[in-house]
Amino acid sequence: MTDQESRDREHARARAEREATHGSDTPDDYANADPNGVGPIPSSSALTTPDPADATISGSGVGAFGGRGKVRIGDKVFRYLTAGAGMFVCILITLVAVFLLAKAIPSIANDKVNFFTSRTWLVSGSTLQFGIVDLLWTTVLSSVFAMLLAVPVAIGIALFITQYAPRQLARPVAFVVDLLAAIPSIVYGVFGITVFAPKLHGIIDFLNRYLGWIPLFKKQISDPGTVFAGGIILAIMILPIITAIAREVFERTPRENVEAAWALGATRWEMVRLSVLPYGKPGVISGAMLGLGRALGETIAITLILVAPPSGAPFSPSLFYGGETFASKIANAAAEFNNPTQTGAYIAAGLVLFVLTFAVNAAARIVVNRRREFS
Amino acid sequence: MTAAAPTTLAGSSKGGVRAFKNTLATVLVTAAFGIALIPLVWLLWTVLSKGLKTITQSGWWTSSQRNITYRKPGGGVWHAILGTAEQVLLCTLISVPIALLVGIYLIEYGGGRLAKLTSFMVDILTGIPSIVAALFIYAVFITTFHGQRAGIYVSLALVMLMVPVIVRTTEEMLKLVPNELREASYALGVPKWKTIVKIVVPTAFSGIVTGIMLGIARVAGETAPLLILVGYSPDTNSNLLSGFQGSLPGMIYAQVPQLGNIRYHYAADRMWGSALTLIIIVMALNLVARLVARRSKVSN
Amino acid sequence: MTERKGLRVQMNRIGIAAGLTLGAVALAACSSSSSKGSDSSTAPAGGSSSSAAATACFSGSLKGEGSTAQKNAIEQWITDYQTKCTGATVNYNATGSGAGVTQFTGKQVDFAGSDSALDPTKGEVAAAQTACGSPAYDLPMVTGPIAVAFKVKGVDKLTLTPSLIAKIFLGKITTWNDPAIAAANSGVTLPATKISVFFRSDASGTTQNFEKYLAAAAPSDYTDTPSKSWTGKVGSGKKGSDGVQQGVSGTDGGIGYMEWSFAQNGNLGVAQVDNGGGAVELTAASAAKAVESAKVTGTGGDLTMKLDYATKAPGAYPLILVTYEIVCSKYADASKGTAVKDFLSYIAGDGQTGLTDLGYAPLPDTIATQVKASIAKIS
């Protein structure tokens, strides 16, 4: 028998005793009971194997909701309340979209080069010339690179904490990862450019020597402010988000699933693969998407780290090159936003980021929704 | 948790390939953790070692940066703590109810057209960069309604960043509440809304608290809205409704230009000190929240 | 007091030892502060009784926003003023000149700091007049020399002509031992190191003034239209002068433009500039001299200045920017008018001393007199 089960037994006993002493409570008390009263139910095996204590509860519970009409009103109100909150979010986003479109369209209309395919960005002169190809590439490259680094590591850490590590170790590890979420992004930026990035020269040279024939790994600049460095820092930034959610969902793997795997004589890895991972997959994907959203839109850290190539520099797909993301482009110009058409060009970049995030999330939703059903 | 699980048995009673795979997985998981630990510890150590001597200075927690420049030592962080606490508190008070309701709506009442739409909208919200959120709030409240920039608008911009984090986490946690629980509750004649409020949400409570903490951590260190919507003040200003206001990210940002200064190191010290202060505060909150969550989860 | 001054001279000596010829700076700092008897930077509370009595104190609060180039100066002014006037609070948000003007015309702040005067062609003058209900004044308050800072192993003294600066920053000269550089630097051994150019990736008045200088002093080499974003085709863009400073100090062969204080505080070499009248070292005095050759083009109380970047005046360091405070001539709220007037009076008076150590040059007396006259008209 596991610790968990024995604890559950204890709760059940304790509750039975409580029921016995407070048996004369008015039925209304159940409705107003604090969450503690219901807390043990989820983890308790009492639901599958009926328990006298629960019988007591249900006895008083049924009595509590005699007035059915009243209940329906409560249901309606609550439903409208939640739907209202949903509507609020929809309206908010619509407003943001209207704002972005209203600001961006006049500038895009005046754009003298193709907005989607041009690499030029000259908005200070009398004619507007701006295109987003470079921004799109740097944004996607840095974020995807960060995801590739962070997601496997986050899953590893979450598994380590929930399935592998002894409790004494799991707690401090979880704490350290949580600490990372609390570090402001500007500090990541400062750490990244002054402390971390200059130490990467060895790795970059190594990768360049053996993989330099792949354009992605061709060393282009000696400055430490590369997409490579930026991507790693982004990975560290999103790690706590993904880990926290993965940890929560892994911890909630139903005991029956885990024990069924053990009963089949599975090794620990097989148990994880058969019960924990499939169960936690949608949650992990959700966490990863939150992380990706953060990485795509990260502003200040990336602005501090990435070195901006001069205008007109040849395109380079390399990780070992600088660049500007949508967010850093906007941040770099925000101080001088005093001309609506010029500002519109940057807002247009924000709009593309908006659409990009939407597309990525929509794709993830489709993956997640394939298995929507509850446990 | 599953201390009794017999790893040693795997080697003796199970096939060699399976045992090998198991060992490999153990090694990989441990390695992932080990690799991750390097930058984590490095970063935390950097902040800790550079910030510790500043936050232990006398007056750090109680005074402001009034009349302090990069060439002068001393001063404190109180004005910034106050500003950040007010802005984040207001933001949390607005965000949590909205986000919880949205999360509940999506999971418990989901399936309809509005729910699908909302779900997409939340996705988009996760991707709005802070600077765009700030420009939006500026356009609405300051350009259109001619408001004077103030801390309250920062809170509103932060709401846009915090809501999707909490909604997404709440959704995941509610999904994991076993359906049997809901069904058992309905079977007892408990109406749906009461089932949600009294059973579903409390069951997922610790996960939701994680989401709220992630949300707070996400917004507490956010810089861009501060620059656009309020302006940093080194003086103590407790008024969310008017005037420039100090804040921890704002204070960090104000020190950054002097980081490369070889002659005066005070600004660099203050930057690491305020970063460490922010981390300590968010962590303290996190601990308290987790304690509360655990209390309510495991009753005695 | 004298002990403190001694310390400062010593600090500057360390600078000399490190390869910077800041002797003149130290002397200038000494002579300017000795006449006032108080150094605002090191002993703000101990101001002499005469200057403290002369400071008019408002009570309440003022908000300003704008140029990052004047951040260090205005923070010092605010600190000193608030020390003298404990009832006053002035906040300055250093977000950039453009943001400052936008917030000023949007009635978000009481005054703006900007590296360029309000531009009538962009409608800024009209917008400011609408916001104020009265004409707005551009008041030059401090000169910020722009340093061409470099880090080249074995080189601590470098002279550049406008044409050389343009060619280096546009990538037409790529190594330090290029014959063109050598010709302007006889007696200096230049290595074959590659030149690494650093520029500002964020929009900035510093970039704009640097480009204006190149356009005026090296028109055949620099043909772009000056703007707030760097448009050169080589080099690496870094956020902020601190980013450029980090870039240059971390790269052998690095060169970049930045506000003087960043070159001083980062211990970087500063090139002497030869506009045709001989090589001029960057000092407070040489920068102030260049401002003297500038013309005031503003009318009424407005003091918009036109700098003569191509000046060949001997001893004048031509690569400078003048940063303004933009204020209303008449505030709707009379108490704001008094507050702005009191604070600016302090800046234009006692505030002008002690700027050298912060990397600025004070206004020449002729300009300062005009500024004071304009401030007197504010209500």
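First chain written, first letter: the chains are A, B and C, and each begins at residue 1.
Operating definition for what follows: a contact is a pair of C-beta atoms (placed from the backbone, for glycine too) under 8 Å apart; a residue touches a chain by one contact, two chains touch by 3 or more.
Quick caveat, the model's predicted, so the values are computed rather than measured.
Engineer: Starting from the Cα centroid of subunit A, hunt down the chain whose centroid lies farthest away.
Structural biologist: Relative to subunit A, the chain whose C-alpha centre sits farthest away is C.
Engineer: What chain sits nearest the middle when you go by CA atom centres?
Structural biologist: Closest to the centre of all protein C-alpha atoms: chain B.
Engineer: Tally the contacting C-beta pairs at the A-B interface and at the A-C interface, and name the larger one.
Structural biologist: Most C-beta pairs in contact, of the two: A-B.
Engineer: With chain centres defined as C-alpha means, what is the inter-centre distance between subunit B and subunit C in Å?
Structural biologist: The separation of the two C-alpha centroids amounts to 40 Å.
Engineer: Using mean C-alpha positions as chain centres, tell me how far subunit A is from subunit B in Å, no decimals.
Structural biologist: A distance of 12 Å separates the two centres.
Engineer: Nearest whole angstrom, what separates the Cα centre of subunit A from the Cα centre of subunit C?
Structural biologist: About 44 Å separates the centre of subunit A from that of subunit C.
Engineer: Can you list the subunit C residues in contact with two or more other chains?
Structural biologist: Residues 68, 95, 246 of subunit C touch two or more partner chains.
Engineer: Going through subunit A residue by residue, note those that touch at least 2 other chains and give them in order.
Structural biologist: Expected reply: 194, 304, 331, 334.
Engineer: Multi-chain contacts only, two chains or more: what residues does subunit B have there?
Structural biologist: 227, 256, 259
Engineer: Over in the complex, which subunit C residues touch subunit A? Could you list them?
Structural biologist: Listed in rising order, the residues of subunit C that touch subunit A are 68, 95-99, 101-102, 122, 124, 196, 199, 201-204, 225, 227-239, 243, 246-247, 250-251.
Engineer: Where on subunit C does subunit B make contact in their complex?
Structural biologist: Answer in residue numbers: 11, 41, 44, 61, 63, 65, 68, 71-72, 75-76, 79, 82-83, 89, 91, 93-95, 103, 106-109, 240-242, 245-246, 249, 262, 264-267.
Engineer: In their complex, what parts of subunit B are in touch with subunit C?
Structural biologist: Per the touch definition, subunit B meets subunit C at residues 66-72, 142-143, 146, 148-149, 227, 231-235, 243-244, 254, 256-264.
Engineer: Which residues, counting only subunit A, touch subunit C once they are in their complex?
Structural biologist: 122, 124-125, 193-194, 198, 221-225, 303-304, 307-313, 322, 324, 331-339
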